[in-house]
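As structure tokens, here come the structures.
Both complexes shown next keep chain A, but they swap its partner, so chain B is in the first and chain C is in the second.
Let's turn to the complex of A and B:
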């Protein structure tokens, strides 16, 4: 135990942060990209680039649903699930989907999708198989290549560490208001500390909110005991009780005609006259156990659970309806989830979320770099680096420079892989992880300043390559997106250029030669002062 | 226009908080602030930040509070860049900031 409270908190902040910083960086990085999940998915689907949202979007919904049911009845009458996904502001295409036959032993056969341009009513050909932004969304809390439940436990533990690091960071940052606007450049580890402080303080409410609400979203996995005490089937029983529209009845093999969808829609519009519907899900169509679920948008309300109506798919009667008046506990849980996912955000708030997410990435990155820098500065001339220091430096290089490069590889693979290649979406993801693995192996052998510069240049080239390859392999490019007001596509290309510029600045700013002795001493002195200030 | 006014007020508030500090005031005006000036800046900062918060919440309810947190982040980032790299530009930035507040306020009150 350290001798005083501030020293204990500093020690805790350092070690709690350092232990999970690389995983936290991945979580923050993927989470930040997930705020633009739909936009990334759109960018990954060049066939949908020219689909425009129509002014009569909501007015067209009823006819689109009726046409959808007719289409699905013709092409997939035997399927176990149908889905009609209506155009939204962020996803302008109309999508009719049905589940493909389930392979033996599998619970889901995958979706067969049929995309339609809502303004022309024409089928959109040649959509490519891609996970798009959903890959980053899932990576954010399910990680990849490991069991989902294990991954969520790991992510929760990392989030808990993050929360502890944030609170202890506030406690030890004595000059939180004095240094609010200060960033002293070219001062060795002092600059890293300033960068760490500024990126933490400028989005502190966001960091606290996103970490806390992140834990809340998985609270029933972390702490299922109250539900297990109150309900025989635990958390499932609780959710069935709170969300009656989610209750699933057993599938029946008995055939029965599907209820008239127009009658159901009349019921929907009587309940919600101005509804902006988002999706219709039909389970077991043409069977006695058929159900029809209708979901509407929550708009900019601080609510995550969408307004839902559940109908019997045979007689068209209403089975369940989502609650309009929530209890205080439900409001708390629901609004916390809504705050975390940011699905409620309009473009302005979405960009603010994104900016704060970037600040979070900078905060984590500067924290882990600063630790290694300080140890290096304290080392004597003849002293060799310990295994721990080498490990931290290697992980820093692999994670901080590897992830952006892997993301570029993911986007480039999306454009260069043949459209009809088998398991295409998985191959894009494989490109992401192979690139990251290559950077990790590179960092395993060499992790000096020169490698940071090389990877910064490589990242800059990769970011530019994304924009160029997109322009060469699709009908559009960054200029046409700008002129046509295709802001989602323009933003992806524009951000690539911005990040390319930042990587060039990084490559140029990293000192290539050994610092002069005087400068080295001054940065050592600065590091010592920082340490004293923090203590 | 509402959002522009709310953000400009937030930026002004944090600019005033910064100018209430001895070191930042000296970087911008090359003189020391007296205690009265510091207090005036603090008062202006609190009024401005509360106004920004109230306008955000009145217009968007809970959603406005979220926007307000975002405005804080952007304001701090902008001010950090100015005070750390271009302190001499703070005066021009402040004038622009106040002009935007007045114009957007005028626009909203007329239309």
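Let's turn to the complex of A and C:
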């Protein structure tokens, strides 16, 4: 489009990036937090804090399942779906759930959960209604308050822009290796460019992988056409072909006794002698069409499809089992989803995922800040800022400083809202968005360096408040988590303190107008931490 | 006679206004057109190309579909970048329209839709 390839790509990189950078920041931010989805859910549920994973976790599974079926048979014999969710490393509680009666016209009535401490066998009372980490997980690709399908299309388009910006970013990069080690401080927008380069290049394989595989997770919505061309019934036909356990029989109203679960479990354990089972779901229990699905953990394998056995729920015969040997193409496709969700990650790899996600946030944040800085630097003294520049600066402030504050508000609301208030989970989310809206309105009026400093202080206070309010309203606190080795909870509190520290550094290091020019330009450390803080 | 000339001059002035407007905004229109070519053109091209791929790949049916689905994003982003790399907008639109129609034609012939 410009006179040569290099200039065309630079132009495209700038505009494709700038157009969607705030949405991308939200997607990356929520996605990064989602790597700790189970940990955040646990943090949000103080009643589950003292539930310990037992050493005999896998050995207990058989008796837990048998007890679960007995329990559900007693309380919910008429329900259309039962679920038994076994404790995992990351979610220590045992959960027996059944579907509540479906309202007219709805396809699902919602789960009634019954949580049990696996080490004592006691029911856990007083769980609070909260979305926990699932909120960020959904926010990551469904956004919020808008139609899910529309949201996913928007997210897909933004991700495509991200991928294109990444590729063009590599193309226009002349010294990709050298830039890994170069950071020129005190150079205004040059320093921001270096920050942008460092955060992009160091985690480049991650950025490419996460963007490409992210699009792959929504590929059947984005490009259903190959499946529609090859199969009569489109995507469903493909799924039935690839996933033999996907078959669904029609519900029948006829009642029939449920097959003996012990017989089914014997079958499961002959198929998988050392299975680490994760969930048992029973459709249409006590009906002629009953099916029992048994799923096992994929462990640390690069596999998204869980090993599954599907049984007839009346005579207990095996209907289908998931393929044990995948073809090369299936492995290629399946591993991409597995790479994106990172469910395979052990704690160390999970932290690496998290750090790479932060590098992605830094990359996006430094990119949009750099654009505004460059325009400002090029402006003549008496020139007034254009509408576009003001808009970008406002959105930068609202997004980069608003999201962490909103996250703190979400956590604080989780602790402070009365436990039995109606629609509690939605109110936590409302706290998130109201806080964000407040920051956005603030940014609408003023978005100079002074406002960045004020918001940095506010964020620091909010981060500390999360830790303090947690200590005051629950039995535990950051020190007891450390002493008891409750690492999931400790990590959340610890990260809050780290970010509080970074926000304080940011507030101290941002140059104010009053200082002479020599001091105004930020030091190397400030520029770097500025970037990190905006997570 | 007189009335006709007034009419011609009116149409002329509308045309000239349009051409003025085009000249004033030609850069913006070109940018929008390019983005449309990249987003919509790229999408349709990828959809047709990957559908064709799913039936001509010499693999098991499910494998062919999964492979072409996995490659869609790669194809889409290549087209996207190509649209911004080529200088002439006309060339871009003609290439996209011709290749997409051609591929769609082959696809319909193979599937017996025509």
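Worth a mention:
One rule holds in what follows: the second predicted complex is superposed on the first by the 513 of 535 C-alpha atoms of A that agree within 3 Å, B and C clash if a C-alpha of one lies under 4 Å from a C-alpha of the other, contacts with A are read in each partner's own complex, and residues count from 1 in each chain.
Keep in mind that, in the parts below, a residue touches a chain if its C-beta (ideal position, glycine included) is under 8 Å from a C-beta of that chain, and two chains touch if they have at least 3 such contacts.
Predicted model only: the values in this text are computed from it and were never measured.
Residue contacts after overlaying the shared chain place A:408 against neither chain B nor chain C. When the two structures are aligned on the shared chain, A:231 is found in touch with chain C, with no touch to chain B.
When both complexes are overlaid on chain A, the residue A:365 reaches neither chain B nor chain C. In the superposition on chain A, contact of A:40 is made with neither chain B nor chain C.
Of the two partner chains placed by superposition, only chain C is touched by A:168; chain B is not.
In the superposed pair of complexes, A:336 makes contact with chain C only, with no contact to chain B. When chain B and chain C are set side by side, the one touching more residues of chain A is C. When both complexes are overlaid on chain A, the residue A:9 reaches chain C alone and has no touch with chain B.
By the touch criterion defined above, A:327 reaches chain C but does not reach chain B.
Interface residues of chain B, counted against chain A in their complex, comprise 3, 14, 17-18, 21, 24, 60-63, 66-67, 69-74, 76-77, 79-80, 83-85. Residues of chain A touching chain C in their complex: 1-3, 5, 8-9, 11-12, 157, 160, 163-164, 167-168, 171, 212, 215-216, 219-220, 222-223, 225-231, 238, 241-242, 327-330, 332-333, 336. Contact residues of chain A toward chain B in the complex are 177-178, 180-185, 198, 201-203, 205-206, 209, 300-302, 335, 339, 344-345, 348-349, 352-353, 355-356, 359.
Every residue of chain C that touches chain A in the complex is listed here, in rising order: 34, 39, 46-48, 50-55, 59-70, 72-74, 76-77, 80-81, 84-87, 107, 111.
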